[in-house]
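Presented sequentially are two complexes of subunit A, the first with subunit B as partner and the second with subunit C.
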Partner chain A sequence: MDLENNTMEAIEKIGNTPDKLIEVLIQCQSLNQQNYITEEQLNLISKGLNIPLSKAYGVASFYSMLSTSKKGKYVIQVCNSGPCYVNNSKTIAKAFQDALGISLGEVTADGLFSLEYTSCFGGCQIAPAVKINDMVYGNLTEEKVWQLVDSLRKEAV
Partner chain B sequence: MDKISIIIDGKKVSVPPDTTILEAARKTQINIPTLCYHPDQNVKGNCRVCIVEIAGANGFAAACCTTVKEGMEIKTNTIRIREARQMVLNLILANHNSQCLSCKRNGNCELQTLSQELNIEEEFLDKVVDLLPIDQSNFSIVRDQTKCIKCGRCIEVCNDVQGVGAIYNVNRSCDMKIAPAYEKGLSEVPCVYCGQCINVCPVGAIYEKEDTKEVWRALEDPNKHVVVQIAPAVRVVLGEEFGMETGSIVTGKIVSFLKRIGFDKVFDTNFTADLTIIEEGNELLHRIKSGGKLPMLTSCSPGWIRYIEFFYPELLQHLSTCKSPQQMFGALVKSYYAEKMGLKPEDIVVVSIMPCTAKKTEAKREEMHLNDYYDVDIVITTRELAKMVRESRIQLRELEEEDFDVPLGLSTGAAAVFGATGGVMEAALRTVYEVVTGDELDKIDFKNLRGIAGFKEATIPVGDLDVNVAVANGLKNAKILLDLIKEGKANYHFIEIMCCPGGCIGGGGQPIPATNSIKEKRIEAIYQVDLQSELRKSHQNPAIKELYEEFLIEPLGEKSHKLLHTHYIDRSKNNKDKRD
Partner chain C sequence: MKSFVSKLCGKIMPLSLKEYREHGGFLGLEKALFYMSPQEVIDEIKESRLRGRGGASFPTGVKWQLVAAEGDEEKYVVCNADEGEPGTFKDKALLEGCPFQVIEGLMISAYAVGAYKGYIYIRGEYPNSIDLFKKAINILKKEGYLGENILGQNFSFDIEVRSGAGAYVCGEETALIESIEGNSGSSRFKPPYPPNCGLWGKPTLVNNVETLANIPLIISQGAEEFLKLGTKGSKGTKLISVSGNVVNKGVFEVEFGISLREIIYDICGGLEGNKKLKFIQVGGSSGACLPELLLDLELDFDEFKKHNIGIGSGAILVVDDSCCILDFMRVTTEFFKHESCGKCTTCREGNRHIIKAIDRMIYGSGTERDMQIIKDIATIMRDSSLCGLGQAAPIPVLSLLKHFKDEFQEHINGYCSTGVCNFKGEGKSHG
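And now, the complex of A and B:
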């Protein structure tokens, strides 16, 4: 119910015209602990902004920063573009998989973490880099990955 | 403005600025191949099949979306271009389920034709075709994404022409596909089943749910009395499937064919189109006299009905309560005709041949039955009729013309024009005028209501009253009128709305292609049928008069209400169709 009210509030604040779609989507995703836009939210957005649901879904599924399926509280995005790739981003991704016990594209059972590849977010000078929610971490090694996961687990408690 | 001079394949050409290379080439009879391009749609530029070489430029340019510049030298058909086009096509084919032999569009597929024209000898790339389930969630339309080449034509027609937006791009890059939100089935989203997406699809990714097997089975069942009705827009279009000129009228040949394959009676939807005019005309007069909801909206087009049910349920009371001619026909066959012939309704099978995919779902609406029997049992489209003709191995061209059976095969020219946008209105005015004034209408051709334009209006003096009417085709045009009604600004008595652009001659079940220029010829043929009719006003139909005398007693009477009128459903909350 809260999510519904907050979604409506966000639409009202940002504006209820079709051109506000992306802004509204970003804001609505941030309202959700699981970092995604729920079907109920998308329905409200579609009605509120007078956009067909298919189009709202099309836009939400187009951008990698938006999600239409459940993610973790911490969304771990491993950069897979050129500079990170040649600096062993694959090893980093593997380390996260081992540390979290999930594969790419999955969410941990406790809902804390989700793991995915992303394209460049501008951390090339500290490659290999990852983005976790709004924070960027670079110069990663396998060991640093385990430490990072550990500290986030503690932070969450 | 000054013309621009360019050279295409060594030929000097002058064209207006903003002309695309594709258009400039076609003006000089140079035919650049295309795939995503559709003459009635926006330029998309996503298939890259139309690439050409421009002197001095790196790489290739897509002819459909590159405008000419002064002095441009263009080559459209060199070895390099042909090889590049073959590569482009091979990339598309790598992602396409090319099981052509069992494809609905075998023999009428733009990708197949292009593969032939570009001389594809081998599909040399590995196939990457996702095994996605075929969407068969509804009675009308099937989507097979393994065939989809992602040209986006269906998205444009669904969103920009019909304003429905049932489908859109989902995901990005190589994961992109065309689907409803959350990749649900069409039955779970507000799809109106108009089938316009089918008509623009270059391949076999979208097609009607086929019901021809049920028809063949009914015909061979010795215990069934099988009757058939043909919609007005089928008779001027079927010929196209057999290489006849666009606009050929093949009514008599269809009747003859249907008799040959064993239908017990071959009747005409035009009969109940005439009946619709009597009922709907009287309903309009009743609403005007008694202060009922105006403007009254026509209710013949099932895609349109679904649209208003989904998107404007608050305006449902404006809809005429008349069932569509298809459904009136079924209801009468299982009551009036059954009684007359001494048949039990359960032993009768009513088959409809329609230009429409939405009619398949209309026949399955819960309101559309009496006792335990659906009014109409099986609905097939014009395209499916063409398939049955081929399967029968009968040569349509060689058939003698035959007449419809009586009494449900008799009709007037007013019924014939139902097949084109503006036709229902014209037919209604011919009758309403004479019923109200008692005078004979001299000028019965309402030419300002004819033609393919999306919106038309007129004021017709009927006795003391100036009747304001409007006609819209294509749902985006309907939306404009609905918004006016909502704002209380629609000063009309009667509005005709047809779901499909051009009316039923452009329906989702009609032969492909159906471009605007083809539709215009089909419309001409519709009015030709009208002109050739002995009687051209619905109330003059002797079989309709007899029907009222023997059975219905009076328009809007008790029997009419039970059999010929219906009600509508607010679908805005729950999109789901109930399936039996």
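And now, the complex of A and C:
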């Protein structure tokens, strides 16, 4: 029950007052290789912070960086806000779909990648940009997308 | 270009307190604590005529006075570092270039309004900034700049860093407060405004990163120095972030009074591939889209107001003539649809219905009535939405309708001159 212990540990470290909910959720999500918060974790958080389960779930589903469904080990987020759009982000999204063989909103069968659109994360200077977990990659071309996916695949092995 | 508020960015190591002090760091705080009463600090800021740099451009000194006037023992100051406006990345330059300057500004604001606790709410998309601030705060605690009786004076103050988790609406101050409290980021009904009733129902001062970064400089150099910069109605400098189809994208500090044309063609080197400019969007996705004929407009709050537009966060998106107005409007509205918190009906439903009307036009079943529908919905949203998100979402829509009416007409007639849209059936392409 590593996940349970780690979740309890995270709550203890961050604090068990209701205002720490978001910080706790962010931390708990990072404990999980598939980058999401499990139902079991939500239950633990609700007890630990003494808040209703519906509240924990409500907040977890409100914020777009938090997820209650399985994602990839690498969460690929393609910016689709104005500045990246005028720098051809749609082509980049298409290239990722081709390179990964999945559509936006899906996870690859091996659980390695998930692909989605995201709102602006401030990478406009190097648009079109994508965010993969905590890393930002910019000035992308279709060719670079394929290279990037390739190098991440190798990194994972 | 000017170098004032951002002058230490890139020049010093962000986490070197020694270097920050060598370049005049904490002189503002020392001056405030040793020689000025809280009211004198507020008066100095009022005299500088500094206006908020987050987007609403509210006079900073007036806001401080409102919080200071509250009798409550418990007050809070909050630094709004939830820079979510698309095309805006200027706060990041300050957050990662000189965190101590932002913290010093927050400390001075706390001293002025009588707060003992501060929060820095940084968007979750900036993990580096969050990390830097946590480290910076630890350094300051060790060095006696944070904690009890700071610098031996009767002033105690502590700061906590809070992370956002991906919600544009949390840049709105009441939604931000909800988020710090651990809730979903839905805007509150106003009034009461945060200066009366904010975080945990207590008087709360919320200021943008760039606003706070100006404070130490104004206090240490005096309001008079600050007043020398800028125009009659807009004092100081502004950080702008330029993106889109332009040669040099990036964050630049400019003095108020510079024209948009100078920014785009002199500072940013014009458009990529010497293409023709179609429009620029000023202030992020919630800003107005201006055609070329308005490029000689000077960066000035009052000048902008004459045209009924705002400077907003200082983002400038440059768009060339390969862009389809309707497709761009769809992308922008899709963003607001996704980011709407869903609390008020006009914002939640309005964006969806604008997209439906755009889609009818893009896919070939649009009529003149759709233009009117978009205009009506946008106007209702602007006038009746609960917070800035819903009120500002229709601004780009209305400005595009005003300046690019022909292109809407073109789509109703079944073709798209930029060749971006796909029409059902036979599309007459005039590409």
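The rule we apply is simple: the second predicted complex is superposed on the first by the 157 of 157 C-alpha atoms of A that agree within 3 Å, B and C clash if a C-alpha of one lies under 4 Å from a C-alpha of the other, contacts with A are read in each partner's own complex, and residues count from 1 in each chain.
The rule is short, and it goes like this: contacts are C-beta pairs under 8 Å (C-beta built on N, C-alpha and C of every residue); 3 or more make two chains touch, one makes a residue touch a chain.
Because the structure is a prediction, the values reported are computed rather than measured.
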Contact-wise, after the overlay, does A:68 reach subunit B, subunit C, both or neither (first, second, both, neither)?
first
Touching A:7, do we find subunit B (first), subunit C (second), both, or neither?
neither
Pick one for A:21: touches subunit B only (first), subunit C only (second), both, or neither.
second
First, second, both or neither for A:87, with subunit B first and subunit C second
second
Could you tell me if A:54 is touching subunit B, subunit C, both of them or neither one (first, second, both, neither)?
first
Partner touching more residues of subunit A, subunit B vs subunit C, is chain C
Once the structures are superposed on A, label A:114 by its partner contacts, choosing first (subunit B), second (subunit C), both or neither.
neither
Report for A:125: first if it touches subunit B alone, second if subunit C alone, otherwise both or neither.
second
Which superposed partner A:35 touches (first subunit B, second subunit C, both, neither):
neither
Touching both subunit B and subunit C, residues of subunit A
58, 62-64
In their complex, what parts of subunit C are in touch with subunit A?
83-89, 92, 124-127, 162-168, 179-185, 241, 243-245, 249-251, 281, 284-285, 315, 317, 319-320, 323, 328, 331-332, 334-335, 338-339, 341
Given the complex, residues on subunit A that touch subunit C span 17-23, 25-26, 58-59, 62-66, 80-83, 85-87, 118-127, 131, 134
Under the definition above, what is the set of subunit A residues touching subunit B in their complex?
39, 42, 51-58, 61-64, 68
Residues of subunit B touching subunit A in their complex?
159, 164-172, 179-182, 189
